[in-house]
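Please find the structures below.
You will see chain A twice below: alongside chain B first, and alongside chain C after that.
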Partner chain A sequence: MFASCADPSTLHGPAWLLCYLTTGAHIAFYWSFVTVLVLLVVTAPVALAFGFAGAVAARSPVWPVRILGRGYMAMVRGVPDIVFFLFFVIALDQGIEWLLHQVRCPDWTEPVRNGLEFRVCPAAKVPPGNAAQIWHQLYGFALAVFTFALVFGAFAANVLLGGMQAVPRAQLETAEAYGMTQRQVFRRILVPQMWIYALPGLSNLWLILIKATPLLFLLGVRDIVYWARELGGTKTSAYSFPHPDWRLYYFLALLVFYLCMTRVSEILLGRLTRNLSRGQATAAGEAQRKAAGGAA
Partner chain B sequence: MSCWETIGDYALRSIGIGERLLPRSDFTLCQQVTLIGSGMLWNVYFGVLALAAGFFLATGLALAKAAQSRWLRKPAEWFIFVFRGSPLFIQFFLAYEIFVMLPRTGIELFGITVATSWTTKAWAGALFVLFLNTAAYSAEIFYGALQSVPKGDTEAADAYGMTGWTRFRRVLWPTMLRLAWPAYTNEAIFLFHATTLVYFSGFPAIQQKGDALYYAQYFADRTFNPFVPYPIVAGYFILLTMLLILLFGAMNRRLNRHLAPNQRPRLKLRPQLVR
Partner chain C sequence: MKKLLLAAAMLALTSGAAAAQQTVRMGTEGAYPPYNFINDKGEVDGFERELGDELCRRAELTCQWVTTDWDSIIPNLQSGNYDTIIAGMSITDEREEVIDFTQNYIPPAASAYAALSPDVDVRNGVVAAQVGTIQAGHVAESGATLLEFATPDETVAAVRNGEADAVFADKDYLVPVVEESGGEFSWAGEEVQLGDGVGMGLRESDTELKEKFNAAIQSMKDDGTLNEMIKKWFGPDAAVF
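The block that comes next holds the complex of A and B.
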């Protein structure tokens, strides 16, 4: 990166460290932190949307929809999450290719699952065999986001359903008495009020989502765990920056990164809870009202 | 080869008893169920021991966090924050790296050489991490319960002249456990789920002796078919979860036996995912 880094063997002390920490691989390592943040930022709203759909489905008066919603929520409980992460990525990958195979190669005669092999026609490969490396990475990342969103969506559905059920019945009945339709009650009364009841659960879920991001490594994405292992491993003098096994320090850096993420999230979520409590018919809202009202 | 032979060969494969070579081709359903079930032995081993040992450390940590003295409170708070605030996955990696850095030949202590090589093995190293991890999570639960012990209970204890250890053992501790039990049940379930992470982190499986998920992945990798082994793991874990709920439910009934039936808290499974 810097001109002075051209010949690392002549460097020592801080200059060596500066050059070492700005090698191409390290820049990739720093970018992988961005990957994790992008995953969080993309996954959270998608999972929330999945969860919202699941919660609405679980409350539906139509029983097949209700069963679907409840089944989705029950799916993830009782089974270790990591099983889902390992399962869904392969299952999704194969499912997509199988569907494309049916559409693009209808006259393909060989069986797709032949003994130990899963073989689809070349046109059905996702991404195409000749695609650039970046597309393979993006596809892997998209699969990861989808898997995370699916699993966390089930948990969000549970939390949101609880939030919806916690909205006082009187609020909804009042709205009905004003002549609102079910749809209007849902949109104007239920949804705006449910967030404060769902927030503790959702905050917890966000903290858990942060702590789940190292599983990206298992999904084959080059994330921070991958780079920490790569960069930290012993480098012999064949490399330009030889060093002993430094994985401990790299993992310590990851630990600190996650602890900071947790702490910052806790502070921000605490602030959000205070803001959302304003004017709500909850204990926290009541306390705020008393504090603001003062003598009145 | 009949299924009974397979069970004879592989039922204890995960602890090194039976056939040495894992099946390499013509995988049968029986082989998958047997081997993955054999791997469950490790999940149960990690879960039971970590939970049992973690329970006591958690009680101590919860008391320390609730203590007046900051010399007790601060370390407990930090311990709980570090283990609850970081992913278990990273904790496993980090612990493994620390254990690897211990001198191979052992540490000289008062003239006695303490061997260190066993700490890098999953059975000890991963168990240690799980123990600390569950202690931190349980401590937070116990701390919350300790804070919500009804004032009347402690006042009654004071009125009877109970102090110190007697007061803790006869009043605070049973009430704390009673209040914490539903949440602690969840913690136990998710600790068992977390044991599947062991062989995916720093700790290597030696001679292919792994846990349930390790064998499931072995089969999924070789058959390119995730639709058989992973549902088997899921099935085993659902069974294990139901067994846990049964055991913890019985304990919950015992802890609440003095209450009127309609006042007893019910065990409710709350979702929690990765640690």
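The block that comes next holds the complex of A and C.
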């Protein structure tokens, strides 16, 4: 990065360290923090949407929809994450390619499955074989977001279902007494009130999601834990910056990162809890009302 | 819904790609210096990078480098995420059953034990090796207690922190570790010859690609450039053809 870094073997002390910390590999390490943050920012709302859909489906009066919603929650929550990340992603990837294969290469005669091999025609490869590396990475990233959202959506569905069931029946009955339809009750009364009951569970899921990102490497996306292990490992003179086993320091840096993430999340979630409690028939909502000087 | 969107995006992304020439994707581990490693620029480097680029030049192929976990390196080849494995993989009968190999580009080389003291009992002690390697198979058969790790670096670290008595790996990998440890590491036990040398792994159905690489490796063996490259990366004492 700097001109003075051209020959690392001549450097010592802080100059060496400066050059070491700005190598291409380290820049990639710093970028992987951004990758992880982007993944979190994209995955969380998608997972929440999956969860909401799952919860609504699970309490649907139509039984096939109900079975679907409950089945989704039970299946995904019951399967270990690592199985999901190894098996499901490969199945999804091959499923997409198989579909494209049927569409684009109807004349292809060789079998797609040949023993353990999976072989589609070149036109059906996703991304195409000659695509730049960046497309392969984006594709892996998209698969990662989808898989994370699917897994965490199932847990979120259960939490949201619990939240919906925790809304006091009296609130819904009052709404019905005012003549609202089931749809209106759901939209105006149930959904706005369920969040406060679902929030503790959702905040747990969020914190687990933050720490689940090392699963990304199973999909070929290099995350912060991969880079910490790679950069921290003993480097012999095959590298320009040889050093002994420094994994401890790299993992300490990750520890600080994760603790900061947790702390920031706690502060924001605390604020959110306060806002959502306002006017609710919960202990926290009642306390707020008393503090504001409301009548008993 | 999401699946549909994804499929639609992929359709858009892949259209018009069929006619263009295919790139050969070279899968490697990137954690096994000097065979292959991620250098300080963050790129794949090492003996196999130089060799692979030269082979692609001779076979007139466009190549692209991909890194992956050692654990999943064969399944990823089979499901088509890349087209070759060029990762210091020894040719063995077990692997021949699931994938094909080119002719070897490194002759059968020695595997060795490294330990903190030369008189460690490598037959009865705890020996660290990388999971899924011929060395791990050998340790399991030798009667020693096998301790497996996902990356080569972790096998060396296990000896350093006392978890294992010795590490067993390709000698070429351990040479810089032992020599640069300042006397901390020394060779233990005897060297062992394992496997039929190192070759490139390909899908069994990719016979055409295999022939191209076979021809390229043969031409490098014939004009002596392969031996020079081996000596450059593994030292003047390395086994050559």
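In the analysis below, the second predicted complex is superposed on the first by the 291 of 296 C-alpha atoms of A that agree within 3 Å, B and C clash if a C-alpha of one lies under 4 Å from a C-alpha of the other, contacts with A are read in each partner's own complex, and residues count from 1 in each chain.
One rule holds for everything that comes next: a residue touches a chain if its C-beta (ideal position, glycine included) is under 8 Å from a C-beta of that chain, and two chains touch if they have at least 3 such contacts.
The structure displayed is predicted, hence computed values, not measured ones.
After superposition onto chain A, the partners chain B and chain C occupy overlapping space and clash. Contact with neither chain B nor chain C is seen for A:Thr109 once the two complexes are overlaid on the shared chain.
Once the two complexes are laid over each other on the shared chain, residue contacts for A:His136 go to chain C alone; chain B is not touched. Contacts of A:Val151 after superposition: chain B is touched, whereas chain C is not reached. In the superposition on chain A, A:Thr213 makes contact with chain B only, not with chain C.
Of the two partner chains, chain C is the only one touched by A:Lys125; chain B is not.
Look at A:Thr10: by the touch rule set out above, it reaches neither chain B nor chain C. In the superposed model, A:Phe87 lies in contact with chain B only, and not with chain C. In the superposed pair of complexes, A:Leu252 makes contact with chain B only, with no contact to chain C. Across the options 78-86, 96-104 or 150-158, chain B meets chain C in a clash only at 96-104, per the superposition defined above.
Comparing the two interfaces of chain A, the one with chain B and the one with chain C have residues 86, 90, 94, 116-118, 217-218, 229, 245, 247 in common. Those residues of chain C whose C-beta lies close enough to touch chain A in the complex are 2-3, 6-7, 9-11, 13-14, 17-18, 20-23, 25, 30-31, 33-34, 37-43, 46, 62, 64, 66, 68-69, 72, 75, 78-81, 83, 98, 151, 153-154, 156-157, 160, 176-177, 180, 203-205.
Across the complex, chain C is touched by residues 8, 23-25, 27-28, 46, 86, 90, 92-94, 96-97, 99-100, 104, 110, 114-120, 122-131, 133, 135-136, 139, 142, 146, 149, 217-218, 220, 229-230, 233-234, 236-242, 245, 247 of chain A. Of all the residues in chain B, the ones that touch chain A in their complex are 25, 81-82, 84-91, 93-94, 97-98, 100-101, 189, 193-194, 196-197, 200, 213, 216-217, 220, 222-227, 230-231, 233-234, 237-238, 241-242, 269, 271-275.
On the chain A side of its complex with chain B, the touching residues are 76-83, 86-87, 90-91, 94, 113, 116-118, 151-152, 154-155, 158-159, 204-205, 208-209, 211-215, 217-218, 225, 228-229, 245, 247-248, 251-252, 254-255, 258-259, 262-263.
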